[in-house]
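Two complexes are shown next, each including chain A; its partner changes from chain B in the first to chain C in the second.
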Partner chain A sequence: MNKATFDHDSTDPRLELRRNLRPDDWNNPAPAGPYNLVVIGAGPAGLTAARIAARLGARVALIEAGAIGGDCTNIGCVPTKAIIRSGKLYADARRARHFGADAAGETPDPALALQRVRKVQARISRSETAELLKSEGIDLFFGKARFADHRSVRVGDATLRFLRALVATGGVLRPPAIPGLAEIGFETVETLFDRDTLPRRMMVIGGGPLGCEMAQALCRLGVGIVLVHDAPKFLPEEERDAAQLLSESLARDGVQVHLNTTAVSARTTSEGKEITLSTGGDRFAITVDEVLTGVGRVPRIAGLDLAAAGIAADPETGIEVDDFMRTTNRRVFAAGDVCGGHMFTHVANAAARIAVRNALFFGRQRLSRQIIPWCTFTDPEIAHVGLRADQAISQGIPIKTYTVLMHENDRAITDGEETGFVKIRVRQGGDRILGATVVARHAGDMLNEITLAMERRIGLRALSGVIHAYPTQSAAIRTAADACVADRLTPRLRRLSGMWMSLLRRGG
Partner chain B sequence: MTWPSRRRTASPYDAGRATKGHPVTLGDLDDDALLDALQRAAFDWMLENANPDNGLVADNSDDGAPASIAVVGFALTCWPVGVARGWMDRNRALALTLATLRFFTHAEQGGDETGTGHRGFFYHFLDMERGRRVWNCELSLIDTALLLAGCEAASCYFDADTPDEAEVRALARALIASVEWPWALDRGDTLSQGWHPETGFIRYDWEGYSEALILYVLALGSDTHPVPPDSYRAWRVTYQWEKIYGHDTLYAGPLFIHLFSHIWLDFRTIGDGFNREKGITYFTNTRRAVQIQSDYARLNPRGFAGYDANCWGLTACDGPGGAMNTADDTGRQFLEYTARGAPFGPDDGTLAGWAPAAAMPFAPTTAMAALRTMLHRYPGMLRDDRFLGSFNPSLPGEGPEGWISPRIYGLDQGLLVLMIENHRSGMIWDLMRASQVCNTGLRRAGFKGGWLDE
Partner chain C sequence: MNKATFDHDSTDPRLELRRNLRPDDWNNPAPAGPYNLVVIGAGPAGLTAARIAARLGARVALIEAGAIGGDCTNIGCVPTKAIIRSGKLYADARRARHFGADAAGETPDPALALQRVRKVQARISRSETAELLKSEGIDLFFGKARFADHRSVRVGDATLRFLRALVATGGVLRPPAIPGLAEIGFETVETLFDRDTLPRRMMVIGGGPLGCEMAQALCRLGVGIVLVHDAPKFLPEEERDAAQLLSESLARDGVQVHLNTTAVSARTTSEGKEITLSTGGDRFAITVDEVLTGVGRVPRIAGLDLAAAGIAADPETGIEVDDFMRTTNRRVFAAGDVCGGHMFTHVANAAARIAVRNALFFGRQRLSRQIIPWCTFTDPEIAHVGLRADQAISQGIPIKTYTVLMHENDRAITDGEETGFVKIRVRQGGDRILGATVVARHAGDMLNEITLAMERRIGLRALSGVIHAYPTQSAAIRTAADACVADRLTPRLRRLSGMWMSLLRRGG
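On to the complex of A and B.
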């Protein structure tokens, strides 16, 4: 077999990442005050805000305590999605015979997969390097920021005066409260991708989106995974059928699933790390080589001295902001995970855009007006936007759901990707889209069409008139729209139509 | 499987069936005779597996299997059918019913770990002799409701002015009145799924369309400890009204969900607020659920053996998980006893052969076509004319059925007796119209119309 590599980029990705995102030889600029906007935190929200403001001619300072890119590039979206891709390859390889190939000899190489993760991170970091930000006119400061008063921030010895400030410091992983776990040590996504290889057996504690994503991906890369979740179904924000399909997929991949189960203690034995689990009154222990946890997140506000600037915040729910992203200090705004709520990169981005507009141009944009989709990148992906059925019913809104199974979609069949469904919820008797859930291999991409329709108030029936290229999986959305159109054909209309046809026949 | 070859007494439908020299198979019978044979065999199983001393009925055919209180509820409803069909003497039915009601009336109700019940509810599984909790099982709300529905059926049937029949009515009334339904709300809006003496309430509730419709009707209808009507509305919040395969349907995947409450409650002409809003009865909804099973099996997205429009039955049933252990070469996992469903799954190729027969009242044409097809193809899914729990033709086995469940389940047999009876005569539906608690519960849930307004 030809073992030649086609990746000619031999740069050490760890070095490149550091050079791009946290250069050792960086000299903070002399503060040029006052700034139109001081941004604290160079994660997705902070970067978006700083770049937009700079493009608009504002004098902008950006302060970062760690590395540029925040959790997204360094520990979150980017590395997790990269490892998911590797896992997906091996899952496909295991089904190769069904596609007419023999890939029996292909075995996972966790070390190579982790190396690829870092290369992907390095590749993406090239678009947000410290030098690049500087060239865009942003004064970039590395160091810990703390408010000095209502109108200035200190970074090291420097004081930055501002007309407006944006706090976008993100979140931190919530430490697990399992007795003994801190003593025996555990992995989080902050540390996992810095490993050179993966352990043989691993317990993932927490069946939220990240827990499920990592459990599946690591299992597919050959790690024996035990997934422990303290509720009866995964993904508490998703509907039952989506969680049900995910449970089946995880089991098919070989994940050992324990629902309704709580980890109650941890200790080290000669065999490894022993975690005691409790379910319905029964207790049992499972030994693994490593534990991955800390999947819950809390806003990162420690050390900012928010009180000095008159900014109200809560350790659990984060900085208090109004719908315009303004804090209790009228000059200071906040965006992203530090405000709690939906902790997604795309929400952070959207909130940052609103904050900049409202901060610098007296805008009155509201976050609550935004349609916020999200996606869990398991296989199949689980994507959601708008109201769930139970939320609509609780609000007294009569709804109807148009469901299309992916096994009714030609392209899903040709691609052997039939697991999942499209569910689009509309107000009963109408076609205004209230929400949607898509479970499919590419659900995240498919959902965007529905989000667009909701954002622009395009009714579901109108999507029936949009020609979708054939065959595509997103045509399942049009199939749902067709069903909505067909519902207009009431028995009375059908009778009238039948009479018309009869008349035509008589007329010859 | 040949006919006649079983331990059973002659049925009026046996006449003229045996042909000289040729054993008659079930498939040779006409529709009525076929249903009669299946119903009779299922009834006999219930009778053979009832403990005459306390009325408890085994959960399944395994040696030493405990009783399931739900099966007891089915059995209490079966005895009147047996009497009406001439398969059982009324006095024997009465004695068995009295033994059952007396046992539950005097059972240990302290909530002990080895007791029988608590606050009027009962543990799901009880040992057949002493009637004490086994397997650390839960104090089960739905199974208590199925038991009480049986008590209520007995109460409606034994209406004669005799001391024994009066005792049946008094004991049934007392058992139903003693259930402290609001306690099981656990300070929430919906009823909990159960309670363990060791750990308290199970953390999830009865929410969304399921077999718990009968549970809410009984809990609402109690004249001593009713739950508020709001709990029924809260239960409905997670209803899924969807258009699936072109059918407007209140979705629930496993077929048994669309059957259990319908054993006792005739939903053909009555409707609650949801029904009126959507223009559908729960009865019609079950018919659509049957069609979705058929449609799903015809599409057969997961490529399992045997599936087609006339071969379906995804429901709660036994499975090969333990026996076959792991996945096949496609990575498909095989499950143990679990609630399988269409079209979202879980689906591991395991079908309940009894499902079409149980669906007869709702979609007789579709169900009979499936019943006949499956009987023809998979005769081994029955033992002594009784459906085994399930089978999986995608897996290796001795015959075309592939893997076959080694046991017969009381729930399946009871369901068959009662659903076939409802199809044949509507007897249970008619009987239960006299139920005070069901009438009250249905009205408090917002049901109107049809026989309820008469």
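On to the complex of A and C.
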């Protein structure tokens, strides 16, 4: 990867991004046939699979209808995390007097932040360019793929025969069905980062991970944000107290939060875009300059003619796969968002690794055996792995939770980053870790120790013996483990230990 | 712990700190005797030991000559990390335009930063107050301890008999022997945080962890810093490339770096404090307003009359202990900085846990069995565990190092935190982890996964199977593990794999 600094880079990052990920002058190669593996979709899952297979000496074709990198590089993880970083910097600057720096400049410059997003995208695209993939021995085809039969795919005029294929076409945004919204127009993450600057007032509809991340980041960059969510708490996949902390953090940043609220209609007035909201029985209207919807993402299967290859799929839940990532066509596998479920880049990546091994080497690896963490990149971050408390209860598994609040952690105090907690859930009466939630500024980096422990069935008490450098925020994990160890000291044991001490004193 | 916010806290934090950690109206209790454990020194090691022992029903006395919390809370980890955070905020603000926020205010306010340090100290002191220790059943004595004989300690007029004792008196700063320096006066971390504001120009003598941390933090807060170090690289305990990256970061922050340079004399002139430096054969003088020395810390054993208890000790290397933390008096143990070696809070804590178990329960736990990480809290942080490359070479252990540069990590790029690397060293031909160095903004939080793997002898290849949330900086650890897995694909295996693929194509 080329290590260039942004500031001295004069190329237009949009041009570089296109040149790297969707070069205009690309000539599709002549199909060699048959391929060991034809991969449809060059997002995180497809790229991983194609690159591994090529390294193993397989003849590989990779077909991409849009741009290499998929949603991750082009509209999802990469641009959102870049703008989150800008927002975080500005949020810190607003607290400057607290930390002893002078009050910072009051006005963030959204245009600069958006320019930086595109520079970051261009930087990251350098490790997955069309040329690079070609040099790795992959036959790269740009165009729409369509199954011709059980053993071949068509792209443009070419027919690619395959021994095995992997469908990794990802997902597609589905705008919410709000009467009038399509007419007045709205932004999605597909269009947001192409703007030259940000609007003054914006409504974000949908309080899932992406909605919350964007609401907070844009608010911190000076946009007046109204966040509308139709459920009583944000982040449906997270525990109540994590969602609650996030809700407070959003409010502290100045986000106008409307929970239990549905957008029912939209129209343009002389003031801007007027959205009518409904909560309980009440209706009221809020006018903003722009609407961002982060809700609804469905598997991208249209136009693939999956039926021609005997691949079963559902428009809502995506391609049907078994635990080995195999579709109903035994020669075809699928991985990533096109299979529905947890739509995360790292899950797509893990599934792709499994699919390649199972497809090319008679592997019997199962996705269900993987411990899958995830993280919402708000501030604080919310990282999670394993069972939630409510899941354990509904499955009848008795659990005990060890909680350490970040404001009990010395480093969190010195850092002024005290919002959050470490919660680790173990099976009652033992110490086998069933799940954990970490809410902290760098929760995503703190969680891995717990994921590793779960993966290797290392009990929570053992983590008490792992020395953590002082002072670090992750030492809160050890504090939780210490509490689990201390729990072994039951009243009875404590009495025995006291009697022993007393005996020693008499003996001495 | 009391969760108060700083901003609404009107108490003078210095008063609160004293009231919590060294109350003026404290009355030492009447000695109960004999004690199961007498602990001398209420720093990290002594506090840990006394609290664990008390919880186990032991009769415990704790003797403190200064203030509870020891160097950690009062002059070391806590205040330094608090001021580092302020410096970091200001360093970020200086890069504001890069991230798309407006240029921030140019003048940090060191007086505010120092006030915050004291508030942070007061906050952290709330979890270790004299009253709290008393309520936990510990007999707390303020005063200087002195061994009377093999089985008793005197503090003031009181004599405390013990079955077991733990010496945890920590270390004491030793100012460098620079002619004239004592006469012109200088700061140490013992005095620095009591200042109302910071000087305009400051020389930091000594480029160990503390010297580097303070040089960077104070520079970022607007102090003109000259950092003088008598060796060719900073951080004697770290690898060359980590020290090199730090050196570059310090220079980027504006620290004037003088390596291979010794301070030879000091005097006051009308301009300020003039220090004469020597490098190679050259001598030159630099004038500053104040000098900070972070060098030289020796075990604190003066006045303890260790000889009266038959405890062997050396003024340089401290109390002699075996691997079980036992001194030459079989009833007396020692832990923490008073034993020399790695003077870290978390090592003191680990040694104290071992000492308590071995002292009270015939335990046979060994310190040498512990995997000990450490971290220098500069920006980027430098975290380390296990063997360095040069140590492996000198021990004749063949190693292979897997390196991932942070500027290859997507999150480091989106965060604009690309300075650093993950280096993991394994035994050549296998994947057993022998050591690792992580240089990254939050390296201290990223390292624990590796420490856990080493502790449990989990090979590096297994970390390739641990899913890390995307995008996180810690995913660089998995990237290193992936490289280790890829290494198994030797040219011969690759050829075989290619032949297999070719066979499949013919069969298909």
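In this section, the second predicted complex is superposed on the first by the 498 of 508 C-alpha atoms of A that agree within 3 Å, B and C clash if a C-alpha of one lies under 4 Å from a C-alpha of the other, contacts with A are read in each partner's own complex, and residues count from 1 in each chain.
The criterion applied here is as follows: contacts are C-beta pairs under 8 Å (C-beta built on N, C-alpha and C of every residue); 3 or more make two chains touch, one makes a residue touch a chain.
This one's a predicted model, so the numbers in the text were calculated from it and none came from an experiment.
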{"item": "Chain B versus chain C as contact partner of A:P110, first or second or both or neither", "value": "second"}
{"item": "Which of chain B and chain C A:R488 touches, first, second, both or neither", "value": "neither"}
{"item": "Touched partner set for A:R330, first chain B, second chain C, both or neither", "value": "neither"}
{"item": "Which partner, chain B or chain C, touches more chain A residues", "value": "C"}
{"item": "Partner chain in contact with A:E408 - chain B first, chain C second, else both or neither", "value": "both"}
{"item": "Contacts of A:P232 with chain B and chain C, given as first, second, both or neither", "value": "first"}
{"item": "First (chain B), second (chain C), both or neither touched by A:T472", "value": "second"}
{"item": "Contacts of A:Q244 with chain B and chain C, given as first, second, both or neither", "value": "first"}
{"item": "First (chain B), second (chain C), both or neither touched by A:R364", "value": "neither"}
{"item": "First, second, both or neither for A:R252, with chain B first and chain C second", "value": "first"}
{"item": "Footprint overlap on chain A, comparing chain B with chain C", "value": "95, 97-98, 405, 407-408, 418"}
{"item": "Touching residues (chain side chain A, partner chain B) in the complex", "value": "94-95, 97-98, 231-232, 239-241, 244-245, 248, 251-253, 260, 280-282, 389-390, 393-394, 398-403, 405, 407-408, 418, 421, 423, 428, 483, 487"}
{"item": "Residues of chain B that touch chain A when the two form their complex", "value": "136, 196, 198-199, 202-204, 208, 236-246, 248, 251, 253, 277, 299, 301-302, 327, 329-333, 343-346"}
{"item": "Residue ranges of chain C in contact with chain A within the complex", "value": "1, 3, 6-7, 34-36, 44, 55-59, 72, 77-78, 81-82, 84-86, 89-90, 92-93, 95-116, 120, 123-124, 127, 163, 221, 344-347, 349-350, 360, 370-375, 383, 405, 407-408, 410-411, 413-416, 418, 442, 444-449, 451-453, 455-456, 458, 462-463, 465-475, 477, 486, 489, 494-495, 497-502, 504-505, 508"}
